[in-house]
Amino acid sequence: MRKSHIGSGDADHICIRGHDLADDLLDKHDFVDVLCLAILGHFPDRRLRRMINNALVASIDHGLTPSALATRLTLHGAPESLQGAVAAGLLGAGTRFLGSAEASAHFLRTALDGVERPEALSDAELGAHAHAVVARCRAQGQKIPGLGHPIHVHADPRTERALRIAREDGYFGVHCRFALQLAAALAHALGRPMPLNAAGCKGAVLLDLGLTPEFGKGLALIGRVAGLVAHAIEERSRPLGQDLWNMASAASQAGEE
Amino acid sequence: MRKSHIGSGDADHICIRGHDLADDLLDKHDFVDVLCLAILGHFPDRRLRRMINNALVASIDHGLTPSALATRLTLHGAPESLQGAVAAGLLGAGTRFLGSAEASAHFLRTALDGVERPEALSDAELGAHAHAVVARCRAQGQKIPGLGHPIHVHADPRTERALRIAREDGYFGVHCRFALQLAAALAHALGRPMPLNAAGCKGAVLLDLGLTPEFGKGLALIGRVAGLVAHAIEERSRPLGQDLWNMASAASQAGEE
Amino acid sequence: MRKSHIGSGDADHICIRGHDLADDLLDKHDFVDVLCLAILGHFPDRRLRRMINNALVASIDHGLTPSALATRLTLHGAPESLQGAVAAGLLGAGTRFLGSAEASAHFLRTALDGVERPEALSDAELGAHAHAVVARCRAQGQKIPGLGHPIHVHADPRTERALRIAREDGYFGVHCRFALQLAAALAHALGRPMPLNAAGCKGAVLLDLGLTPEFGKGLALIGRVAGLVAHAIEERSRPLGQDLWNMASAASQAGEE
Amino acid sequence: MRKSHIGSGDADHICIRGHDLADDLLDKHDFVDVLCLAILGHFPDRRLRRMINNALVASIDHGLTPSALATRLTLHGAPESLQGAVAAGLLGAGTRFLGSAEASAHFLRTALDGVERPEALSDAELGAHAHAVVARCRAQGQKIPGLGHPIHVHADPRTERALRIAREDGYFGVHCRFALQLAAALAHALGRPMPLNAAGCKGAVLLDLGLTPEFGKGLALIGRVAGLVAHAIEERSRPLGQDLWNMASAASQAGEE
């Protein structure tokens, strides 16, 4: 069997990537430091910390989402198991809701595959490639992830902040540039604005920082668990589970055939 | 390490409790036979088959329960994972909804612990013990599981059928008898009917068949998965997830402080 | 909201597809009957019952699989939650192990898409189409699911039985026929036998019975839960969890860099 | 239905406890701030931040625990679902491994229930109460959680640091004091050292900070998810799943009857 490089533990010592938990990490490094150490194998620099914190904060809670509802309904049936309720909510973090940044990063990476030294291309050259990619996707009926927003039809404010930070922190690179060219190419093809949205931008930022799409998905899961814990704990003091059950049963009985 | 006695598998042969899956089980034994073989180590006799089928059927589906809703909401977020949606629904099968037969069986077993040869006691003697148990529980504020029903205040029709079957099949024993004495003793103490309910009866039946409470819980889980699969598959063609989300958000916004 | 057609439940009555659970189903229909009623909306005929029982039996248990190990390790950490341990095991029933019949059915369906009235084609015509499909897949480096077996290189005995049953029961149709032609075409292209395996055959059988790939996946999940319950219950009396933990830690420490 | 006070979200705005995610939280507050806001309803002060960071860091990873193994085995079977693998690992965070601080806090709270103004008692008075509690538990055969350590038989270094921090930060209160008296009383009764361990100390610290046991459990879950993400991502590049499967099968076959 291969060795796991993450860490080891016995009754006496716990090590994460070679650092002793009790002597070197606790009270000396915060959660974001050790999270990064465990997953990536090194402590984050200032700009990576900033990105990680923003990614975690952005996914904590979006209100009574399907994920939060699943946690609360599960706690209603199994009030003894906080971990079961949180796990149930986590299982809804799939391709539709918390996986879109991952999908965008995969798309960008694939679209630049085979392009030699893409970071040396000018914006015009990236734009020409983006037009070709958009044309091919449209011909094959393939959706381009990370573009368009139901409300912010011209520009998503979260995208603007994330790109501003990428420029400030010096990692605005070929993936962010290409993502913007893709948005412009699609808008041109459709004849209406199709701004780069938050998920599309997050995917580009991950790649420009040298990270993987699944690291982005991992951050979304960690952040979301904090929100699901909040819902599970609120459910104990202000239960919604029984009301949700009654509402759903009544709505189904009165529902369309 | 100990050996697992359940079975073994490689690319060539799969064995369950020593029976070859391909040669001895498939197309020769049905699901209930092999389920029983895997869990208990032997094929069921006629009366055990009947009880297992009834326990499985009874737990398949109870409408849009919290468990079914969790499955549907999870599929809405992660449509790619049928197993994730089903697992989310299963996590709500805890102490409150699908665990009550288990709790009743535990209670009955504990209440008869220390009674010597309880099966030799007359109904009057079991009744006297039941009165003592009820008195002790009431003094300690402890609820007795398996008694009472919100609608069938006099007698639960499912209990009557299960007890009739236990008598027909010859396993109506000390746990069923004691459970009925407990119901009578509690009714006497409260001055109103407190019939043995379906969960309480299921717990007694398990013990009179020589089975464990956790076997009963296991059957509830297996049966319920069939219902959750039904909800997950219906959710793909007749989705409720988005409507549930909208309803819950609107109800919370308009909700009581 | 739409109505769910599966069922409804209140404290008094539970209905599945319009049948009253207490009056019409319990002790009158067995688990396979009501499972089919809940998922498909009707009781099974004799041949569907046979197929369902065989699919359930085939997936109950394959020994100490990753799925069974996940159940046992989870119970070791959370002994209070049978449903949590079973759900953990279920989550491993993904694309790699219990999803292969589903993948084969999808492949067959897609490969016959666009072929007009495929059931009217002769074996020679289906064979010609199979050769074209194999050539296209090989050109694109796409794997064809459901073909080949590490041990039964000439013919998988489970496949032979399943096809014999399909013939006996009169539903050996275009999907089974096309699957066999695909196996022959791939064997011809590779110059070595590539028999239709159990998963490939199961996918073809599902489609010839007019069922969906996801129904097959659903049966695999239901069957597997019975095996996971067996492992969870055995883990309580013959625990392996701590030994697995020790073995894994030791193997990692001694492992390859 | 009641209102959920945690937050709300639509396509335009996401609010957490009344703070706009985009305008007020992102890039202005870090993860620990917003985690605390979501769960407790307010930002943490300096000492609460310190405690939260330490609790999160302490539970991230303890090597190839049952929880990490369940995540890796689940990913092996369902490589497409990061959330499923992480949820499987989370389900093992039950009463045995990540629930011990919660159990200790419950014990301390219950043991001081009915004591009037316990914070006004002297150490000698708390000690007398501890002796009575220990005597009662021993008479009833009840284990006292949070005491004893297999290796650090005299004093657990993590406990010493946590208590030092509690004193530095001014929240060393009646629960920490009573926990130490319990350890002394049990050691006296058994005639050998039984130091307050890390879990017992964490339970006392939670209560002295005015927090609930379930908040502690929630932090353990959030921290642990970071470690499980690390294992899931490592499993993709350095897979152990197949080796674990082989090892377990071989060990079972050679195992004791």
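Chains here go by letter, A, B, C and D, matching the order in which they are written, and residues are numbered from 1 within each.
As a convention for this text, a residue touches a chain if its C-beta (ideal position, glycine included) is under 8 Å from a C-beta of that chain, and two chains touch if they have at least 3 such contacts.
Since this is a predicted model, take the numbers as computed values, not measurements.
Any chain that touches chain A and also touches chain C is listed here: B, D. Set against the Cα centre of chain C, the chain with the most distant centre is D. As for how the two copies chain A and chain B face one another, over half of their interface residue numbers coincide.
A turn of 180° superposes the CA atoms of chain B on those of chain C, with the angle given to the nearest 5. Looking at C-D and A-D side by side, the one with more C-beta contacts is A-D. If each chain is reduced to the centroid of its CA atoms, chain A and chain D end up 26 Å from each other. Averaged Cα coordinates give chain C a centre that lies 39 Å from the centre of chain D. Within chain B, the positions touching two or more other chains are listed as 1-2, 4, 8-10, 63-65, 78, 80-81, 83-84, 87-88, 91-94, 98, 240, 243-244, 247-249, 251-252.
If you sketch which chains touch which, every chain touches every other chain without exception. Within the complex formed with chain B, the residues of chain A that make contact are 63-67, 69-70, 73-74, 76-81, 84-85, 87-88, 91-99, 240-241, 243-245, 247-249, 251-252.
Those residues of chain C whose C-beta lies close enough to touch chain A in the complex are 1-4, 8-10, 78, 80-81, 83-84, 87, 91, 248-249, 251-257. Across the complex, chain B meets chain C through its residues 1-2, 4-12, 14-16, 21-22, 25-27, 29-32, 34-35, 38-39, 50, 52-54, 56-58, 60-65, 68, 81-84, 86-88, 90-94, 98, 149-152, 157-158, 161, 165, 212, 214-215, 217-218, 221-223, 225-227, 229-234, 236, 238-240, 243-244, 247.
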